[in-house]
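The following blocks contain the structures, represented as structure tokens.
Both complexes shown next keep chain A, but they swap its partner, so chain B is in the first and chain C is in the second.
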Partner chain A sequence: MSEMTKIVKTTANILFPFTMIFGLYVIVHGHLTPGGGFQGGAIVVSGCALLLVAYGSSWVFDHIKDKRLATFESLGAIGFITIAFLGLVFSAVFFGNFLTGSGTLFGTTPATGSTLSNFNTGGVLPLMNFAVGVKVIAGLFVIVLVMAHASSIKEWG
Partner chain B sequence: MTVLEALLQHSPALIIAIPLLSAFLLPLVSRIHAKVRDVFALVMLGVTSCFVGLLASDVLSHGPRIYIFGAQNLRVPLVRILFEVDSMGVFMAIITMMLAIIAVIYSWSFLHQEDGLDKYYTLLLLVVTSALGMELTGDIFNFFVFLEISCIASCALIAFWVTEGEALEAAFKYIVVSSIGALFVLFAIGIFYAQYNALNIATLAHLLLFTFLDKIALVILLVSLGMKAGLAPMHMWLPDSYGRAPPSIVLIIMSATLASFYGLLRVVFTFYGNVLTTSLRFSLPAHVVIGWILIALAIVSILIGVIMALVQTDLLRLIGYAAVAEIGYMFLAVGASIAALGTSYATVALQGGVLHILNDAVDIGLLFLVAGAIYYVTKKRSLDDLSGLARTMKFTTVFFIIGLLAVAGMPPLNGFTSKFLIYESVYQLNPILSIIALLGSILLLAIFVKVLYAAFLGPELPGLKDVKEAPKSMLLAMGFLAGLAIFIGLFPNLLLDTLVKPAVSALLDHAQYISMVVGGL
Partner chain C sequence: MGVEFLIINTLVLILTVIASLIAVLLRDLLAAAIALAAMSLLLSLEFYLLQAPDVAIAQAGVGACLTTAIVIIAIKGTKRMEEE
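Let's look at the complex of A and B:
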């Protein structure tokens, strides 16, 4: 993909931070609102795809290493399973939610009934959402990047 | 609680978690060195096998175990994911681990010149995880999730030799066929969930009323799992993908295929175990109808498999069709045991069928590894281009002869043990079935003797003069399978008594499977 006009680039520049913030919001509030790691990650990658369209795949390729994205993808998956293993260590069951009710990080027990949502709840669920978010951002972005790069190769006709 | 007890208690989860964790660690590990990556994959599979062994020894002596994810105790309503491990699941897990370890050892030499191997090992471990998950899970939706993982990961593995157009075509065919199958499984799960508000296999089996919708779900499950297992009218993806994937991958895909076959057994014997004797129309019990339909499809599988194998010239594809015929034998045994449910020879037939799962993995696996060794040294697939290989590839020739005798069901090799159980039990149901099964075996023998003459005997071709024997790790993998074929053939009772009979009684005793979960609520 080649780069586009200045109008498109400027619009992309303005939209990009909002897309990022919204995507990260969906990931972080995964345990409270609809959405979660996967959906938020997909929103973040749609922002990255916007840059890809506006600036062209070769520009993005110069600024981002696909190897590094692959590493982040592995790290996301490893983080997810590590949290599951930590459940085995701290609460004696695999995938055990050892943080809930502990009063520490994400450990508050939410009040029952119709209340405002409390962000500091959910135990390991938000952490797992972060891990899935990292994996989906890295994984989907590398897919989009490779497809964009492959479509720009002229010899394939 | 000692450490061993704690490990045993968590082993169902660890058996899934360790291959999954190592699958995602592999891309990082492979940055250190290629050797480290190869050893890491093998060591992690070895650790998983230790847990499978630990779990197997406990389940075989103390009965089924359940494992609850994320909670200590069962509570109503049952929303947790459960793993329920009985002798049958353990038997399948042992087969999966055996195939996986042999495939990894074989791929050390077989693929050492290829690139992209970090992804290869990642996907390989993912397929192993999915097969193990399908075999150990006690939750029908969880089963579907693992089925999907196996579809996607196997598809990418089949397309490993992506520069060949046929590999891509085979992978595309595989992903279309198996996604449709998996979606139909999801549809059947939806039918259950809508009616009974449960996803746990034991709970569903307990609640099942055999309504009209349940009959539809049964048909859908049989068809889609039969498709994944390679039953005859839906077998067309199997020779393509077995013939075009690297032979080390074929072992892994075979483990996923056999896990689908296990899923079918679980559906019929456990899920519908309570209602199998219900009468359908014309006062025919349901098990007779299901059994005879499976028998008919099995006969078609055997005949199509051997007849199509007879006309193939591509060695890998030929063995793929032989694999279809072998799947037919398993379905023949299972169909006969369902049709004659309750009689003594039904149990024998099921024992033959379950033992044949292992024997099929060993025989067909060995033949694929030999074909892979031939491809590795000559880079040729077609039988027309091969001749006189026995002069230089002595060990490979011996392994091929063992594989050919085993797959044709000749005594004293392993194929004979299970096929004999199938012949003698099916004979009591209907002698014609037994005759067709024997005919299939004879044709298999003829086909592979033809291959032996074409590839190994005969004059030496000028292009194949400087052919060497296959590398050591490939010989080791083939030797292990060949040794296993001889061992099972010589001491079938050892295996039959320790593994197969408990597995069959666990399958037939659905009441115990159900009470493990429902009784604990």
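Let's look at the complex of A and C:
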């Protein structure tokens, strides 16, 4: 896809940070509010697709390499399955939640009753949301990026 | 679950069917893609009315945004108007 006009670029410049912040908010609050790794990752990728439409695929290809996005996708999958096997090591159950109630990272026990939501709860669920978020961002963005780059090639022979 | 819920629910479903009919009948493929995005957004509103905000976020992100972007990129690579 080719570059678009200055109006589209300015609008994309204004809207892009809000979209990114909202998507990352949905990812990191995945254990408290609706949403999670997949939904937040889809929102972040929609912001990146906005940038791709405004600035053209060649500009984005200069800054982001698809090989690096593939590495990030594998990193998300490896992180997810590593946390699952750490549950097998520490609490003798596959996908065991070994961090909850321990008082360390995300380890506070939430208060019972109707209270304000405590962010520092959930055990391994926020970490798994981060892993799924990284995997979904990289996987969906490489689909859109390769699609835009392939449609801009004129001569297919 | 009052009568207002029933009215809004039926209205959103009828608008969803109308938007998908427009997407099928239009000859201009870019306008059909926009109608498909509107249908997806109305479907996400229906999911939200049925107390499923998780599915509504996924539908709005993937259906209304990413699918539309991919379809528009494909239209830009090929032809815009559908032939007889």
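Couple of notes before you dig in:
One rule holds in what follows: the second predicted complex is superposed on the first by the 155 of 157 C-alpha atoms of A that agree within 3 Å, B and C clash if a C-alpha of one lies under 4 Å from a C-alpha of the other, contacts with A are read in each partner's own complex, and residues count from 1 in each chain.
The working rule: contacts are C-beta pairs under 8 Å (C-beta built on N, C-alpha and C of every residue); 3 or more make two chains touch, one makes a residue touch a chain.
The structure displayed is predicted, hence computed values, not measured ones.
Legend: residue contacts after superposition of the two complexes on their common chain; A:Ser46 is shown touching chain C, with no touch to chain B.
Of the two partner chains placed around the shared chain by superposition, neither chain B nor chain C is touched by A:Ile64.
Judged by the touch definition given at the top, the superposed model places A:Pro34 against chain C, while chain B stays out of reach.
By the touch criterion stated above, A:Ser74 is placed in contact with chain B alone, chain C being left untouched.
In the superposition on chain A, A:Leu86 makes contact with neither chain B nor chain C.
In the superposed pair of complexes, A:Gly96 makes contact with chain B only, with no contact to chain C. If you check the complex, the residues on chain A that touch chain B are 70-71, 73-75, 77-78, 81-82, 84-85, 87-88, 92-97.
On the side of chain C, the complex with chain A involves touching residues 53-54, 56-58, 61-62, 65-66, 69-70, 72-74, 76-77.
Interface residues of chain B, counted against chain A in their complex, comprise 10, 13-14, 17, 20-21, 24-25, 27-28, 67-72. Against chain C, in their complex, chain A makes its touches with residues 1, 26, 34-36, 38-39, 42-43, 45-46, 49, 52-53, 140, 143-144, 147-148, 150-152.
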